[in-house]
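Next come two complexes, and both contain subunit A; in the first it sits with subunit B, in the second with subunit C.
Let's turn to the complex of A and B:
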């Protein structure tokens, strides 16, 4: 009686024909040949929803709030039909012992097959007791919960980099997840918070294709964090033309000129804001007149004022410098990307299908 | 501590100790311990903030124009309210005024937060304390439809609609993967709703989940994103351009139309879904009027929503301001944030250290030095706490007091003060609600009263959002399109030393930021937030805080199921990330922290 991925599609008006087409397309694009299509279809039709344990460390809950803003898919469809959100302090009915018992149950019942999503991070000072969970240091709970997980999602700037509580002098020694968990695949989804559809996009990608998204060398999905905000900013032509806002609410601000001189960090920030935009595409910070504060970048709190003009980029020849700042490979020729993606997809698909056949 | 009396409560820590940790469906990390007597009635309550982030020490030495972004990250649930409080504090310190349009836009955003926060709180953080999800499976969809149509003209109310939702829910439950509903307290006798009311409420839980994402788009239009929109010292960053070159990328007619539509949709959803649901649910819980705590004796509000820009006096604030003590509703005291005798914080039972802990400190002179020590009667160890010793230090929350009194803040406090001040906007809806339910005025001093006040306030806020939208349009029509004052943007124009205070009414209650600026940098930053007031531990006189008081004398139906505890604690909408970051001092470094 489990509502499977296929049933969700059906309920949302997708025909069986389209579903099978999707499966064979998936098989082909993974380089597996059409023979694999029925196996993929079978897996998607029958597999139970993947359990997700969503833990909270030191944070502000903005990631949870962002997650419930998702428009496609709707959060209710994610929670009711796509995954099984078995533990999330923010939304779950149970509390105390009844809540803690769920973690144990999921660990046992779905050993190696559940995902741990971490919002916030563990503080290590004061024996970890700056964040107490069930009378114990959060860092202990985190390590135990992750021990039998398939993969970890590090939500937001807190889990990915440390964020505001880790800004200097980091009084609690708030520590990003990858420095505490070293033996599991971790997908970082940075931002303060990340965009809602980026969050659900990453999760549904993992559930649909049963693999991690392609990550850059900092562990971020390339599909959303592969380019700078500046690269796709609709105000970019004003940057190129040397038309800048000189002070708040001046004539240039009203005309929508470039915010670079007002401290915009778009040229050094890797995120999807200028393309996916926020809250169902309504706007993004630059469109609403404020520069990007760089909230998806490591240590963005400690790079000077949000209103300091970036001095480490040049108006021309921006690629080399910004690349150094961002720490990620700049966009290379399309053909090379495609070739690379195809090879790695094939490699993963082979192991992915083996995994799938083990999943009932 | 044994047995003692305080604030009209008899505290007795004998009997059976029950621990709830984590308390879920809140923001942040919190623990509650209670003692039950032989009849399972709560005779002692201990509430503990279990996280601390140290944000204010991080602010020291930063550019005060950046502070809004740091403090906004105190909380992503009440997103924006700390940012607004922060820009007000910095503007107060530096003598910066803002344009009328910026005031209207800020008010629209702040009211928008109230609406969103109250709605999400009721349906997604609080409803499951009143609503039995599993019972909804037994409902008759036809009767559910009749119930829904008898209380509201909301169109999504046909039998087929409720049947579809019920089928989906059935399938979900039968899958055996209950997700967020796993291990809930389904079937507990403290649930009082008939299956049909449960099905209606669960349906609206899902509808509200869809709708809440629409509400916040107002933040996105003016602030670029939500959660955590952008703000600006001196005004707002969004320029207005209705019909000139480049209008397509500014606040233009299309953007204003979207704001207007969301405002109208919000009014409709609140008045046709949220308010009727609260009344319907309340009508089945009229006999459960526990949880009043301090609400009938000591309440505090700072006031908010300035009608005209730059005037923060009580008469210009649309939200009530004042303090009531000793249950005397005939006297509402004026509140002064700058008076060192009024607002003070104590640390006798908090994991912090003062040179002289017999005295409280005003936020201007606050000291925060972490001091994680457990009392001699603690059960367990330093990193494995089984039961806390409330006779000693036991929380990461400080104990703020107003003229020595523990106070409740939040929607109910605001309504009690507005009622006492005989403001029709606050008094009339309360009287009407009580009349509809056939309850006396004293009934509002309860868990239910807190929940109802929040709903009434959401409706009030939705109307006021419209008021400020109209005001914004009228002002633009009169030829004023200014959104920012940049006269004192450059630090070279600031005084060498300055101090200021900013305040708002966050969804959860009175919020204040105190800032000192020296040589253009933040010298000291202190926040006293709503959940610090409500979640405060005891003080040197043994006075209990609002959470603890609200749990007193409540009977628990099933001792090992904390349903009633959750119901009352949730009615405050606790925000622990807010309450437990409080920190800093004049130049105090975090020298005592050992790095291990």
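Let's turn to the complex of A and C:
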């Protein structure tokens, strides 16, 4: 039986007196009448916590590593108090058949009422044999588990876009979750890994309000992916001033100028790094002196070097960036025009000579 | 007396009396001409500022709050972009109310055989296979082709992708975000692709400008009608 919030609070040593004080305080601070205090208490006493099944596909576990470092809220509070993380083969104590049985149990008991969080993605080549979960292809386990779920969370760039295993030529045909699961609402939380507080924030929102956060057209929560790194970057004044780092060890780098010319992908990357930062808000890549590599963007492994802001154009059998291609084309056109002008002038001079001789 | 003084005053009525008279037709109305030159100026400003935004050549020393160089360059780019976009809208309006030459920028009669014959005759002229071209009142068929498929299509593409990137900065709620960013960003996959193709578009327009300026000067000298002065006065003069 899944505990209610009240039972969890009691287990953590909070007295009933403190619990009721919390309920009246909450009602008051929300501007609700005194009649609402018992209703809040009743809800917390009876509402079961939402069960979550956390599946691992083709991935590197960096999402889990990030998740367990969340500071606000603390991961232990999320896992032990807020949600009922019934299955996560990395974090759970159970193993083997005992563990796998939990998935079946949750599916039956909470039909249509549990959340599946997917870390990594299913490879589809060779009937999914590149990723085996409990003796079966992961893609089958994923489809089965999601069949009765309320919603799906796609953790990280792998589940959201495909990430490194889906980079060209993608030998295992690693496929993002939304291309395999098409009949359930999916929240994408991209990043390699996503920020810990963004992960716990999304989970907290879904549990508190019992609905999906508002998503953009690509399925990402607007509250965390509505702005670019660039829009909230603390080095933005140097960008507007025209103060750029030219080399990793130059004076501008020491002064903390803008990393735009070093290929920082902050202007093209939607994420919350420059707002929430990492490791309890200690720092984020740009603050540490390195440009953003755009890890939360679709196909970031196939966009060329981490230090180029323009993607190389590989069509037509060439490989160069747009400015080199365009500059070459303009030079060729200029030369062609000059040659054409020269021939035109020659022809004109020749016909002029002919006309004169005809007159004579 | 007057004949002798003509070298001094430039007044030479007898020379005028014996001069050949040229036929002229009023082709480009004032709004079309004004649009052409405003548009040309915008393209120069947009290309220069756009290139600098993509590859800033310098680093400014001093306090960040005392400098706004990159901000001004971006402002110039955005302002010129707005003027270009509004200019094109006015130009579309003029295509409806102006004379039939004002509509040549927006359509190519690809389904008409006569158009193709003239197109090939113009190609032959550029390949030195014809001693002289035909006389064209409006755009010649080759010019019309490049106007629509090289200039117009690219400029519309640049306005759409440009405002899509502008909307990224202006963010959700701004009209440019609702009208362009919201569907172009998912279409291109991510913002970096959008930037890359916006660069490609700039080079296409630069290619167009090279060909356009060359063709206009060459036709003015070697063709059978005026070109450059026509875009200033509106009158096309035929030399014979």
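The rule is short, and it goes like this: the second predicted complex is superposed on the first by the 263 of 360 C-alpha atoms of A that agree within 3 Å, B and C clash if a C-alpha of one lies under 4 Å from a C-alpha of the other, contacts with A are read in each partner's own complex, and residues count from 1 in each chain.
Operating definition for what follows: contacts are C-beta pairs under 8 Å (C-beta built on N, C-alpha and C of every residue); 3 or more make two chains touch, one makes a residue touch a chain.
Just so you know, these numbers come straight off a predicted model, no measurement behind them.
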Subunit B versus subunit C as contact partner of A:75, first or second or both or neither: first
Partner chain(s) touched by A:261 [first = subunit B, second = subunit C, both, neither]: second
Subunit A: partner with more touched residues, subunit B or subunit C: B
Partner chain in contact with A:15 - subunit B first, subunit C second, else both or neither: neither
Which of subunit B and subunit C A:249 touches, first, second, both or neither: first
Which superposed partner A:64 touches (first subunit B, second subunit C, both, neither): first
Partner chain(s) touched by A:34 [first = subunit B, second = subunit C, both, neither]: neither
Residues on subunit A lying within both footprints (that of subunit B and that of subunit C): 257
Residue ranges of subunit B touching subunit A (in the complex, touch as defined): 19-29, 31, 50-55, 57-58, 62-63, 65-66, 69-70, 73-77, 79, 120, 124-125, 128, 133, 168, 171-172, 174-185, 206, 209-210, 212-213, 216-217, 219-230, 232, 234-241, 244-250, 258, 370, 372, 380, 382-386, 396, 481-484, 486, 489, 560-562, 566, 577, 583, 589-590, 593-596
In the complex, subunit A residues that touch subunit C: 217-218, 222, 226-228, 231, 237-246, 252, 257, 260-261, 265, 267-270, 294, 297-300, 303, 309-311, 313, 321-323, 325-327, 329-330, 333-334, 337, 340-341, 343-344, 347-348, 351
List of subunit C residues in touch with subunit A within their complex: 51, 54-56, 58-61, 64-71, 73-74, 126, 128, 131, 168-169, 171-172, 182-183, 185-186, 189-197, 199-200, 202-204, 206-207, 210-211, 214, 218, 222
Residues on subunit A engaged by subunit B in the complex (per definition of touch): 1-3, 48-49, 51, 56, 58-66, 68-71, 74-76, 79-80, 83-86, 88-102, 123-138, 140, 163-165, 167-174, 192-193, 195-196, 234-235, 247-249, 253-257, 273, 278-280, 282-290, 293, 295, 301, 305-307
